[in-house]
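Both complexes below contain chain A, partnered by chain B and then by chain C.
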Partner chain A sequence: MAMPAYVSNQETLAEGAQRRKRRRLVTAYLFTLPAMSFLIVFLFIPLFAAVYLSFTNYNLLTAPEWVGTHNYSRLFDDPLFWRGLRNSFIYLICTPILIVLSIALAIVVNRPLRGVSAFRALYYIPAVTSIVAIGMIFEFVFAEPAGLINGALLSLGWIERPINFLTHPDSTLISIMFVTVWRGIGFYMIIFLAALQSVPDELYEAAAIDGANKLKQHWYVTIPGIRASIIFVAIISSISALKVFEEIWIMTNATGGLLDSALTLMFYLYRQGFINLELGYASAIAVVFTIITLIFSIANLRFLERNTDAS
Partner chain B sequence: MQANNPQEVMPAAVDVDLSRPRSRPRRLTGMERFKSWLSSSGWYLIMIVFALITALPFLWTALMSVRPTSANIFQTGRPPQIIPYPGMIGWGDGLSTARREGEYIVLPNSEEAREGRPVGVWRNFEPAMRERIEGTALEPLAFPATTANYHRVWTDVELPRYFLNSIIVAAGVVFLQLLTSSLAAYPLAKMQFAGRDILFYVILSTLIFPEQLTLIPVYIMAVNYLGFVDTLHGLIIPFGANAFGIFLLRQTYQSIPNELIEAARIDGASEFGIWWRILLPLIRPGLATLAIFSFVGSWNNFLWPLLMLRDTSLYTLPVGLAFLEGAFTGNLRTVAAGIVIATVPIIIVFLMFQRHFIKGLAGAVKG
Partner chain C sequence: MKRLLNVFLIFVLALTAASIVSAEEREDRPNRDPDGVFWNPGEEQFEAWRVIDNVEEGAVLRFWPWALTPDFEDYLNQIIANFEATYPGVTVLLEGQPAAGARDNIRNSFGAGNPADIINMSDGWVAEFAEAGVLLNMDEAIGEAYPEIREQYVDGAWQKVTFEGTTYYVPWYLSLSNAMAVNGLIFDELGLTEDDLPATWNEAYAFAERIREESDGRYHAFSFPWGELAGLGVLNAFVGEGVPIFNEDRTEVIFNQSPEAVAVMDAYKTMLDNDHIPRGSLRDDVRRMIDRFSEGEILLLMTGPQLFRLIEENNPEVYDSLFLVNSIVGEANIRIIGGVQTLAIPASTEFPNAAVAFATFVTNPDVQTAFSREVPIFSSNLVSYEDPFFQTDGEQLTDSLRPLAGEYFSTATDAGILDFPSLSEVEQIVVGEFQAALLGVKSSQEALDDMASRINDILARDR
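So, the complex of A and B:
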C-alpha cells in the first residue's frame, strides 16, 4: 500500500518550518552583529579586563604583574582615596539642591504667562553648552579680584577682600558644585515641567475647594503628582554628581585643587591612571567607583524597565 | 565604551512644548487686567532674576571678549565699564597700522593687494563715537569695543580646524550609532528567535556600568593595539554602538504594527529590504532623538579626546578650548573670544531646533 501523499508533504512542511526558523535565527543575529561587535570589543571585554587589571600592576610598557588584592589594601591605606571618596559624597549634596530649585523653577514657568517660552529656552541653554566652556566661563566669574562676582562686590563696597572661590582649599569644591547646580537646573526643570503638565488640573481644583492655599496645593498635589520624576532626577543627578570630572579638571587647571581639596574619586582615577600611569591601581579605583554607582545605576535601570512596561 | 553623560541618559517620549504656554488667559477687563498684571509681575520678577543668574556669566564672557585692553571692567572708585561702543573694528592684517593711523583698508583683489600689501580692513571708530558719548550719562559706563581679540584667536589658534574636527567626529559617531542601533533593535523588537531576551537583557544590563570602568582597558587597547592615538577615527570607533540607543529604538520599533511587517514578508520582501524600505522611514522620530542625543554627547566629550590627542591640529573643540588658556597666558580677552566662538554656534543650533532638542534630551518620565 502506498504511503498517502500528505504524509511526505507534512514532513517537508516541518522541514521547511525548521529551515525558515534557522534562517530567521541567522538573519536576526546578522542584524545585531555590527552593534554586538562594537559592544564586545569596547564594552564587554573591557568590563572583565578592568576587574582583572585591578589585581595587577600595569604601566602600559611592561606586562601586567599579578599582585592579588594588593591594590585594594593599598586603597584602604591611601588618604587621597578617602579624600576622593569623601569629596564625591559631598558632591551628592548637589542632588537635593538641584531637585528643589528645578521644581520651583518648573512651577514658575508652568504658568501661562506671556513670553514664558523664551525664559524656558534661556534656562535650558547651559545644558547644551559644553562643560569645558562653562568651566572656563566660571573661571572668569570667580576670578580675583576683578571677576564678575568679586569685581561687583568690591566696587559696591560690600566686601573688603576678594572671595577666594577657586584659590582656597575650603571653598574650591563648593564653588565647583555651585557651577554643577547652575548648569543642571535648566535641564532638570524641563523634566519636571513635563511631569507637571501631566498632573490633572482637576486635582488642584479639588484641593482648592477643600480649602488648600497655593502652597498647600503644591505640597499635597504637585509633589505626589511628580513623585516618579523626583525619583528619576534624584537617581540620575546622583550618578552624574559622582562622575563629575570636566568641571574639576578645568577649574583647578587639571590639578584637583589646592592641597587636593577638590579631588573626587573620578579625578583620582584619572590622576592615577593617566598621569601616574598606575593603570592597575586606577582600575581598582574604577571597580570601587563602580560598586558605589551601581547602587544608583540599578535603581535607574529598574526605573527604566518599569516605565517601559507601563507604556 | 559609552560617552553618555548620565544627565542625558534616557531621552524621551514626553513632548514638552516650549514654544507656547499651555493655555492663553481669556480677554480681561481693565481692572482685572491690572490685577492679573500685579499678580503676574511677581512671577516675572522671579523669572527675570533667574534669567539674570543664567545669562550673566555668558554676558560677562562676551563683554570680556571685546575689551580693547587688559584693564578691568570693575575698577575701584569708578563705575563699571559695561556698555560697549564701536572702537577698533575690522578683520585681517593691518591692525597695528590702523592703531597708528586710524584706518587700514586693503581689500582682496584690490590694486594694493596685488602689489603685495597684506589684506585687511580695520577702522578705529573710537574718536567719532567718543565725541557723541562725551558728556552724556553713559560716558563713565562706556568703553570702545574691538574685534581684535576674535581675529587673534581665530588666526593664532586653529579654532576653525577644531570646529571641523568636532563636526567630523560627531558626524561619525551619530552615523555609526544610528546604523548599529537601528539594525540591532529591529530583531530585538520584531523577530522571534532563540536567545532574543537574553541578548536584550545583556545589552540593557551594560547600562548600569559607568564608562569609567571600561575607560582604562579601552585606553590600553587604543594605545597598545589599535593605534588610536592622534587619529580622528580613534575618537569615533569606541563609541560606535550605544546600548541605550538600542534600547530606545527597540521601543520605537515596538510601536509599529506587526501586520505591516507580515504583509511585506508575504509579498516576498527580504528582512533587510523590510528594514531599509519600510521600517527606517517609520522610526524617524526615534532616530532623530538618538541623533541629537549622540551628537551632543560626542560634541561635548572631553576626557577621551584629551587622552587620545597629542597633535594639536587634531584637537576637538572642547580640548582646544581647554588649552586656550595655556596658549594665551594672561590674555583672557582672547580666551573669552575663543569661548564665544565655540559656544555661540551650538546655542544658535539649539534655539533653531529647540523643540527637538528638548524632546530628545529631557526625561521620559510619566509623572
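So, the complex of A and C:
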C-alpha cells in the first residue's frame, strides 16, 4: 500500500529538523573547540598526569618508576605534611578577617563623600601590586630594628626590643597573614561595594522609620542584602588562603620560614617538587590537597547556603 | 623601496660595526686586553688550543651559560669564534639563560629530553643531575683520557662536588674566599686599625661584641647568610675548625662527635642572643647579607669579590671606602674553595668529544685569563696564574687579590662536604637543625646529634 503524500512530507521535515539539530550541535562543538583544546592541554592532561605521577617515583630527570600507593602512605608518616596542612588551615583565619574588614571598608567608601573615588582606587592598589614589590615593602615594614613598625615603636619608647616579625617561628606565619589581608582587602572591597549598590535605599529608610540605628541597619539590611557576595567571597578567599604560596615564598626567602614555621601545604608541595625534585611525592600532595580543597569548598557552600535559607 | 632597504641595511651594518668596536673598548672593562691572544688570536694559537682528539665533524653544540648574557655576550661570542676556528667544522650555538629560573630551565630541558650539550651550572646544582646519572663522567672523559689537561685544574675545584667520589663537571670560574671587605667609613669612625681586625673566628666572636659596645649598638661587626639553603655553609664552618665531617669510608657523618662543632654552634647562639650579629642573619641569603653591608650597618663582609659590584650599585659611598684584608679563618686555617661555576655535559649528548673539546676550551688558561680581565673572578686553570696579569696589581679594588690568587688556589683544598645523595634534603636538614639550636629549641649537642642522625639515615637509604 502506497504511503500518503503527507507522511513522506512529514518524514522529510523530521529528517531536515534532525539534520539542522545535528548541524547546530556540530557548530556548537566547533565553537567550544578552542577553549576545550586549551582546557585539555593545560588542565585535564596535567590533572591526569599528576594523578598518575602520584603513584610513581619521578625526579624529572629519569623515567617515572611505579611505586603504587607508597607516596600516599608516606604522607601519613610525614610530620612536615601535617605541619603544612595545619598551617594551611590556620591561614583560613584570613578569610573572616578579610570579609569583615572589606565590608566595613566598602560601607565607608559607599558613602557620597568628596574624593571617595580616589580612596576606592587607593584601597585597590595592593590588589594590583606585584607580589615582589609587596615583599620588598613588607621587608621594610617588618625589618629589625629600624623597620617601619619597629622603628616607630622603638622611637616612641613603647617597646625596648624590636619585635621579631619574621625572625621568630611564632610570629612568622601571623606576619605573612597580615600581608595577605592587606593585599586582599581592596579586591574584596570592590566586590562588596558592587553588592552594596544593589541594596535598595528604601530598605534603609524603612529600617530607620522602624527605629534602627546605623549599626542595626547594616546588620539587618546590609548583611542580608549582600549575603550572596559574602558566600562568594568566603569561598574564593578560603580557597586562596588554603593554596597560599606567593606570600610565603617571598616573605621567607623561599625557605618556608624559620623551623618551617610558615610552611603551608602548597609551599611543601613546591619544596618537594621543585627543590627536592620528588615530583611523584609532590603529585601525591597535590592530589590530597585538591581533595581537601574540594571537600572544604562544598562544606563551606552548604553551610553558608543553609544559613541563608534559615535566615 | 629598494633605496629604503639599502639605507636600512647600511644602518644595520653600521650598528653591528659600532657594537664590535664598542665590544673591544668598553669602559667598564678596564683590564681587557684587545691585543692579547684571546681577542686577537693567530693561526698558531688555534693550533696550540687544539687539544682534544676525534672531535665529531659537523657537530652542532648548544651552549647554556647562565647569568652571563647580555653582559658578557661579546666575550662569549669571542670564545665561540675562537673555538670554531680551532676546531673547524664544529658550530656552537650560544643560548644564554637568565639568572632567574636557570636551574629550573636546566631541569626542564633534561625532563624534555633536550638538554644543551654544554651547560653552565653553579656548584650546588650539579649533585642532583650527577645522582640521576644524566651527566658525563669527567674523571673518565678528561681525567683518564687527558691526564695532562686534568692536572691543570685547581684540584679543590675539580673535586668540590662529587657524587660517590666521581666528578661530573669541568670547573670554570672561581670565587676567591680569602678576601674580606672592610667598610672604611665605620672603620675610621670607630678609630680601628688593621691590627684590631680578627684573624680567626675565636677572635671574631669577641670582636663582634666589641664593635657593638664601641659603636653604642649602631653597627655590627659582621652578619651571616644563614637563610641560604645551598652549600651547607654551617658544615664549612666546622671544616674550618678542623672538625671531620665524615668517617673514613664516608658512610656516616661524625661531626656531632667533635666538641669544636658544639663550640661553634654555642658561639653563634651567644652572638645572636646578645645582638652581636643582626638577628636578620637567621633568614638572610648572600644577596641580603650584601644589601645589609651596603646599607652601612656592617663593618666586615666575607663574600666573593665578584659580588662587590653589588655594593657599588647599592651605595657608592660605602664602595668607595672599601678596602680588602685577609678573611677570617678557623683554627685549622684550612683554605677552602669558594663558589665554583662549572661546565657539565649531558651523558646523552650526540657529540661527546666536541662537547669535551668546548668545555676544555672555555676553561683553558688563555680563555679564562681573558675572563678574569673582564670581571674579578678567578681561573680554575692553574696555568692561567703564570700570566703576567696575575702577577701584577691594578687600580681596581679587587686587583690587589690577583697576585695572591695563584698561590691560594694551588694550596686550597676541597672541603669534601658536597658529596651527599639527596643533597637538597640534606641542606634542609642542616639548616633546620641549625636554626633549632640557634633559637634554643634544642641544645647545640642535641641539634648536632639530630642533624647527623637524619643525614646518616639518608646516607643509609640512598647509598
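In this section, the second predicted complex is superposed on the first by the 257 of 311 C-alpha atoms of A that agree within 3 Å, B and C clash if a C-alpha of one lies under 4 Å from a C-alpha of the other, contacts with A are read in each partner's own complex, and residues count from 1 in each chain.
Following the convention adopted for this analysis, a contact is a pair of C-beta atoms (placed from the backbone, for glycine too) under 8 Å apart; a residue touches a chain by one contact, two chains touch by 3 or more.
The model shown is predicted, which means the values in this text are computed figures rather than measured ones.
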*Side-by-side fit of chain B and chain C on chain A, or clash*: clash
*asked:* Looking at A:Phe274, would you say it contacts chain B, chain C, both, or neither? Reply first, second, both or neither.
replied: both
*In the superposed arrangement, which partner chain does A:Leu13 touch: chain B (first), chain C (second), both, or neither?*
neither
*Check the residue A:Ile93 against both partner chains and state whether it touches chain B (first), chain C (second), both, or neither.*
neither
*Touch check for A:Ala206: first (chain B), second (chain C), both, or neither?*
neither
*Touch check for A:Ser155: first (chain B), second (chain C), both, or neither?*
first
*Identify the partner contact of A:Leu196: answer first if only chain B is touched, second if only chain C is, both if each is, neither if none is.*
first
*Touching A:Leu60, do we find chain B (first), chain C (second), both, or neither?*
both
*Count the residues of chain A touched by chain B and by chain C, then name the partner with the higher count.*
B
*Select, from 24-32, 204-212 or 222-230, the region of chain B that bumps into chain C once both structures are placed on the shared chain.*
222-230
*For chain A, what residues appear in both contact lists, the one with chain B and the one with chain C?*
60, 143, 253, 274
*For chain A, which residues are in contact with chain B within the complex?*
21, 24-25, 27-29, 31-32, 34-39, 41-47, 49-50, 53, 58, 60, 105, 108-114, 116-117, 119-134, 136-138, 140-141, 143, 146, 148, 151-152, 154-155, 182, 184, 186-187, 190-191, 193-199, 225-229, 232-233, 236-237, 239-240, 243, 245-246, 249-250, 253, 266, 269-270, 273-274, 279, 282-283, 286-287, 289-290, 293-294, 297-298, 300-301, 304-305, 307-308, 310-311
*Which part of chain B faces chain A closely enough to touch in the complex?*
1-2, 5-7, 9-10, 13-16, 18-25, 40, 43-44, 46-47, 50-51, 53-58, 60-61, 64, 72-76, 78-80, 176, 179-181, 183-184, 186-188, 191-194, 196, 199, 203-210, 212-221, 223-224, 237-241, 243, 246-247, 251, 271, 275, 296, 299-300, 302-303, 307, 317-319, 321-322, 324-325, 332, 335-336, 339, 342-343, 346-347, 350-351, 354, 357-358, 361-367
*chain C-facing residues of chain A, complex*: 59-62, 143-144, 162, 164, 166-169, 252-253, 255, 258-260, 271, 274-277
_Sites on chain C touched by chain A in the complex_ = 104, 107-108, 110-111, 128-129, 132-134, 227, 229, 278-280, 282-285, 288, 422, 424-425, 428, 431-432, 435-436, 439, 441
